Each structure stands twice: as structure tokens, then as C-alpha cells.
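By letter and in written order, the chains are A, B and C; residue numbering begins at 1 in each of them.
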Amino acid sequence: MFRLYQAVNKHMKIYVLFMKNSLIGYMEYRANLFAALTMELVYLFSKILYVIAIYQTGIDINGVSPDEIMLFIGTYIIMTAIYTGLFMDNFYQLPEHIRNGTLDIYITKPLSLQFIATMRHVNFILPVPNLIAGITMVVLACQRLQISICFMNAAGYLLTLLSSTCIVYAVFLIPQILSFWTVKSGAITEIADRCWDFNNMPMTIYNKWMQRIGVFIIPVFFITNLPSMFLVDKLNHVYAVWMVIAPVVFLTLVRVFWNFAVRNYTSASS
Amino acid sequence: MSIPKKYFRAFQMGLQSAMEYRADFFLSILSGGFIILIQCFLWTAVFASTQNPVVYGYTLPQMISYSIMAGLVAKMTSTGFEWEIAEDIKNGGLNKFIVQPIGYFYYRICCFLGRKVLQLGILMIISLFALVLCKIYLGFDLQLKRVLIFLPFVVLAMVLNFLIYYCISSLAFVMTEVWGVFIAAGQGVLMLSGGIFPLDIFGEGILKVLSLLPFKYLVFFPANIINGRFYPDEILYGAINQILWIVIMLFVSNACWRSGMKKYVAVGG
Amino acid sequence: MKVIKVDQLSKSFSYYKKDVGFKSSLKNLFHREKLVKEAVSGVSFDIDEGEIVGFLGPNGAGKTTTLKMLSGILFPTSGIATVLGYVPWERKKDFKMNFSIVMGQKSQLWWDLPANESLHLNKYIYEINDYEFNHTLGELSELLDVKDLLKVQVRRLSLGERMKMELIAALIHKPKVMFLDEPTIGLDIISQKKIREFLKYYNQKTKTTILLTSHYMNDIEDMCRRTVIINQGQVVYDGELSKVNEVFTKKKIIRLQLTEWVEEKLLKEFGEIKEYTGLSATLEVDKTKLKEHSRIILERIPVQDFNIEDIPIEEGISLLYQKRGSEG
């Protein structure tokens, strides 16, 4: 138990250092930074376009009011910020680490390999516009829906976001792990990334079966639907329990798959 | 080589590279298909939730056909050569065009058309297929006359889009990290041309402003010809505007490139 | 005490045959021909504490693969190895805390940051306390003469300076065993020499066991008393480098400076002529007949200067490389 505490403590300390190093590193490429920011801003606007489109109709879509949709898209944008900030850079670099062998060096470190390989970089700049816009939309929607921004709601929402973050990590890391075998994984990445867009709209627009698959089997709908459903008090018992179980299930799954891939990597390559 | 022949060669090279990148192409169709799918689900749900048969002036079959056609037309007119041009500018690949008797502009447009021919064919077939499906399942009012008018507008849209991106790619003369601008411009043009939603959602005022820009002739206009949302005189008016914009963009891109080249030669490539 | 024990270590991996062209790609889709390559087959050796051993061999001989197995990056196909009493590929934390590996072409430093940021990260990774960290860092940077460069971004450093930083990063936790894979690759002669001198000094001072690969002869000749030569996945020689020839070649070289013109055919009977100008000659002579021939030469031929030498090590080694591993 004490050893576990020590290990967690060590990884936390190192994560702080990772963050610090990333921050210094990103400052080095100002031109790139501005390029990325421009890109992110335009994309943000095209997401907001969906809100505009829905708002002006004033129609409740399958029982979801425009305000709820704004809340939903706000959550979607916050989750996008979390993904681009914490994971995206690392996940994209994984195939590169495998190809040029930097992974070999990480293997010899007295630290979790998965931790170094998937959490080494933190992007502080890219998620900023999304974070601001997302939070603004969520707060605005809460006011219009007369959801009190009390401690219980805020804490609950943050917890559901945490649960979603775990799911994002698992669901979007799995396709990248395939690059241990294929080296080139552009196509897989591309398709996985496109799946992210399915979160653009509340899952109620899809039929029952797609909803079930998207929540329980390939939990992409999970990511933005469940936190928003929590706030508008539409989270039923099954979903509520699943919010607790799913992170455990999928993180275990990704862990097992990771170990399997690394084991294969170390026994198959030369 | 005679003059037309060397440009034909560039056209062939474009065709060949399209063959080589066919995996990328199909992948991009697939990922574009995802977005269309989301739109279809969204609009179906919207129309199912309201008593009103018309939203933003569109009936359900019109909205669905617009979503599909907008996605496909955006693919048909899409470019992609801006990255190659940026490479040429950055790594001095442009030098060989300065010394060789081949115009860079003509070289690029031939390559572009060569690459497009095949994609265009495939996308047309997919479009036809989708429209027929819309007719069968949603009772979409598909008319041959409209499809025939649609075709030249797509070709003009392709030319217009080529010119717009030819202008944008000249930004590589002044910026070192131009990729962010390219992606942003791509998404921006897509939005303003009606590639995501019909421009009607912006409301009357903004629509008027957008009508003063060339973008709506890239997607919104051709896609709605199929929908039969325009009267003949509106189509004629649109055609004139589109051609006018092509002429304007020819001048603009020429000016952009001339000043860019001046800088390029001065720096020494 | 044996720090590294390797017994019959083997590593083979399979890959698929692929011909060029679209047609064969299509064929590969349905039927792939599987090929197995033995990268390392049955390598055995022991290394004592404090030894500095060189791993020599041509490209693709299996040096790096062996090193990767010893550092736990790869699983072997068969065989046993222990380093510091641990089986490397079990990747125990205690093992990782006590060794390090430097790969000449792969960096563990953060490219965009000054080296000391990466070192500071290693301080936490290897759980080093402040006092010890500062002490070791001061010592190492003094020895390698890079004190002023610690605050410079890694990507602005020269290749030689960067390698020095890699060495500091690898030694900051005072490992008991250190593996170096081509540490001098791509460096200029002066940097090579500096790094060699440092490693030699460090080994003598701290008794750290060092195993290094290189295909520069000078590296190994200069640093290692003992050399393991490996070819086609097998150990073909294990011992002092300078004695390679004693074991494998049965010839010596005689260099002659003559006072007057001597005809070539007169010299021919003593051995193979390597060089001949009329007033000087180089002969390769069988060891068994060395004494006898020397006497006759001195008696019959007008010799001004007479030298007996070993065959150059490079030649002996290239002879070894040409041999099939099993015969050596």
C-alpha cells in the first residue's frame, strides 16, 4: 500500500515536470503556435454554427430543447479542449516513437512506460479558446435552463467530466496502439478522429441501437452525452452506474491491450 | 515538346498521382460521409420534432439532398495542391519553373485537373446514386433538367475554387508556418460556401453580405440548383456572378503571385 | 564477482518477404512468405564487476540486439541472462534504477529544452536526492567540460556536446552497469577521443561496469582490455584485442630495409611478398618458420634494418568477419 502511494506520488511529481517542460517547449515555436490557434478558432466557430442552426429553429429535437443543445455542445467543446490539451499530441506521436526507437529508451526507465509514452506532452495553448468558449456556453445554458450553479451540480459535473476524460483516453488510445503492428496508421487515426464528430450532436438524434452501441460498446457518445444529461437531470440509473463502471472497464481494457502490444513489440522486433 | 503537349504531361502526372493516393481519396470520402450522416440524422430528428413541414425554407427531402450534395460538391471542388505549392516555395522547388519554359500557373492547373478527372467521375456516380435514393425513399423531386444545369456550375465552381486556393497558397511567400492558415482557410471557406449548413441559417442580413462574396458559388449555389430552389433568371444571374468572380480572382491571384515572386527572387529562393 | 552473465542467448524474428510491384503486393495479400532471421544465436559470456568490455562486429552482427536484450528492451527467443542478478526483460524497478543505456542515435533529452531540464526530470525519475544530484552533476559536467552548456537548448548543441549531455543524463543516477551503443557515431576525432578518455577515467574511478558496442576499432582498442567479437549472431572471439592475431593468424610480418638492390625472387622463398621496391620489402612469414627464416635472411641478404611485426589488428578482424561464425 505504501509502495503504491509512493509510486503514485512519484508519477504525479513527474507529471508536473512534464507539464513544465511542455510549456517551455511550446514557447519555442511561436509561428507554429499561432498557426495552430488560427486553425482551432475557425474550427470552434464551425462548431458554434451548429448551435446557431438549432437555435434559430426553436424546435425541441426529440425532446431536447435548443438550450439543452447549447449545454451539450458546450460540453463537447470542453471535452475537445481536454483531448487536445492532454492527449492528442502524445497519441499522434506514438507511432513515431515506435518507428524511430525513442520508445526503447522509455522502456529502460524506472517509470510506467504507458505513462511516459502517453502523457509526456501537455498542450497549454491549443485548448484555451475551446475551454473559454465551452465553459461560457455551459454557464449560459445553465442560466437559461435555470439550473443552479451550486456546489453539488458543479462537483457532479466535474466528476462526470473526469469519467469522460478516462473514456476519451481509452477510446482514442486503442487505435493508436495498433501502430505497434502496422507502423503506418494514418487511416486508422483518421477514422477514429472522425468518430469524434459524432459527438457533435446529442445522441437522441440517432436511433436506439446506435445509442446503445455508442454508450456501452464503443463509448464515443458517452463522452459528451452523459455529463450534459447529468446537468439537465436526465441521467437514468443505468447510465449513472455506467458512468462509474465504464472508466474502470475501459482503462483496464486499454491497459491489457497496451501490455499485449508492448510484449509483442519486444518479442517480435530486433 | 510542343506547348500543349507539356501541359498534357502535367495533366497526366496529376492523374497518376491521383491513382497513387487513391487510398487517401477513399478515406476522405469515408470521413466526409460521416459528417453527411450526422447531418442526415440531425435534420431527420428536427423535422420529426416539429409540426412545420418547412425549416429554413427547406422541406425534409430538400434538406437531406442539400446536406448530401453540399458534402459531395465540396469534395468535387476541393483542392489540396496548396500544400505542394507551399513545399515548392519553402524548399526552392519553384526554381525549376523559373528556369524552365513552363508556366507555374498552367502547370498547376493541369495537374489539378488531371487529379480531379477521376475523382470527379467517382463522385458524380456517388451523387447520382444518393439522389436516386433520395427520390425513392423521401420522394425527392429529382429532375434531369436540373442535373444537366448543375454540371457546368460544378465545373465553374472547380475553377473558382482553384483560383481562390491559388491565392491562399501565395501566403506561403510571406509566412513560414502556413499550415494553420491552410486548414483554417479550408474550414472557413467550407462554412461560408454552405458546405456544412445551407447559408439560409445565417439569416437574411448575413446572407446578403455572403452574396457579395465568391464563396456561395462554390457549394451553396450548385447544390441548390439540384434542389430546384432557384428561378431561371436567378440561375442566369448566378452564372454571370460566378463568371465575374472567376475573372476577378484571375486578376487577384495574378497580382498575389507577382508580388510573391518578386519577394522570392529577391531573397534568392 | 560476475555482474553480467549471458548463457546461450538467442533472438530470432520473423518477417515477410515482399517483392516490388503491385502484382506481388496483391499476392502478399493472400499468401505471405514467412522468413526467419537469427539475429543472435547462442551468445555466451560473463563480465566481471568494473570491467570495460567492447563489443565489436560488422553491421547487422547482432551487437545492438544483444545490448537491447541485456537492457530489457527485447525478450530473447531462448537463453538466459542476468545483469546485477536480475533478469533484464522482467523489467524490475530495482534493475532499472541501477543501469543505464546510451544509444548513439537516439536521444533521451528533450530537444527544445536546455539539457538541465531533462536532467532535472531524471532526478525525479531515478529518485535522487538534492545533495547527491547536485554533487554528481557538478562532477560530471566538470569532467566533460560542459558546465556552461547546461542551460543551452539541446537542439542548439553540437553533436559532440549533445553526446556529452546524453552521458551525463545516463550517469546522473550512478548506475552500476552502463551499456553504450555506438556512443561515438558521427563524431569528429577530437570529440571521439574526449568521450573515450572520459569513459575510461570514469570506469577506473567508479568501477562501473561498461559494455559498449562500436564499429570504430579505435574506440575499442583504446578503452577495452577485453573485446567480444561477434559475427552473424555468434561470438567468434573473446579476449584481448591485441591478441586476436595470435589466435587466428599464423603469420608475422617482416619489414626489411636493404643496403643494396635485391631481386624479388630471392625474397620469395621466405614468404609472401606484400610490398617490394628493390631497396625495401615487406614479407608475410609463417610463425613456425619465423626463427629459421630470420636467421637465413640476416645471413644472406644485405640488410640495413630488420623488423618483425604483428599483422595489423584490422586485418585479423576482417579475416574473422569473413569466417563463418561456427568455424571460429
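Throughout what follows, contacts are C-beta pairs under 8 Å (C-beta built on N, C-alpha and C of every residue); 3 or more make two chains touch, one makes a residue touch a chain.
Since the model is a prediction, treat every value here as computed from it, not as a measurement.
A.B. asks: Stepping chain to touching chain, what's the minimum from chain B to chain C?
C.D. replies: 2
A.B. asks: By Cα centroids, which chain is closest to the centre of the whole protein?
C.D. replies: Going by the distance between chain centres and the overall C-alpha centre, it is A.
A.B. asks: With chain centres defined as C-alpha means, what is the inter-centre distance between chain B and chain C in Å?
C.D. replies: That pair's centroid distance is 59 Å.
A.B. asks: Using mean CA coordinates as chain centres, what's the gap between chain A and chain B in Å?
C.D. replies: Computed from C-alpha means, the inter-chain centre distance equals 32 Å.
A.B. asks: CA centre of chain A versus CA centre of chain C: separation in Å?
C.D. replies: Averaging C-alpha atoms per chain gives centres 46 Å apart.
A.B. asks: Of all the residues in chain A, which ones touch at least 2 other chains?
C.D. replies: 29
A.B. asks: What residues of chain C sit close enough to touch chain A in their complex?
C.D. replies: 11, 13-14, 37, 39, 65, 68, 71-75, 77, 89, 91, 93, 96-97, 99-101, 103, 105-108, 110-113, 117-118, 120-121, 124-127, 153
A.B. asks: Tell me, which parts of chain B touch chain A in their complex?
C.D. replies: 23, 27, 30-31, 34-35, 38, 41-42, 44-46, 48-50, 52, 55-56, 175-181, 183-185, 187-188, 190-191, 196-197, 201-203
A.B. asks: Quick check: in the complex, which residue numbers of chain A touch chain C?
C.D. replies: Contacts found on chain A: 10, 13-14, 17-18, 20-21, 24-25, 28-29, 100-102, 104-105, 107-111, 263, 266-270.
A.B. asks: Please name which positions on chain A make contact with chain B in the complex.
C.D. replies: For this pair, the touching residues of chain A are 29, 31-32, 34-39, 41-43, 45-46, 49-50, 52-54, 56-57, 59-63, 187, 190-191, 193-195, 197-198, 200-201, 204-206.
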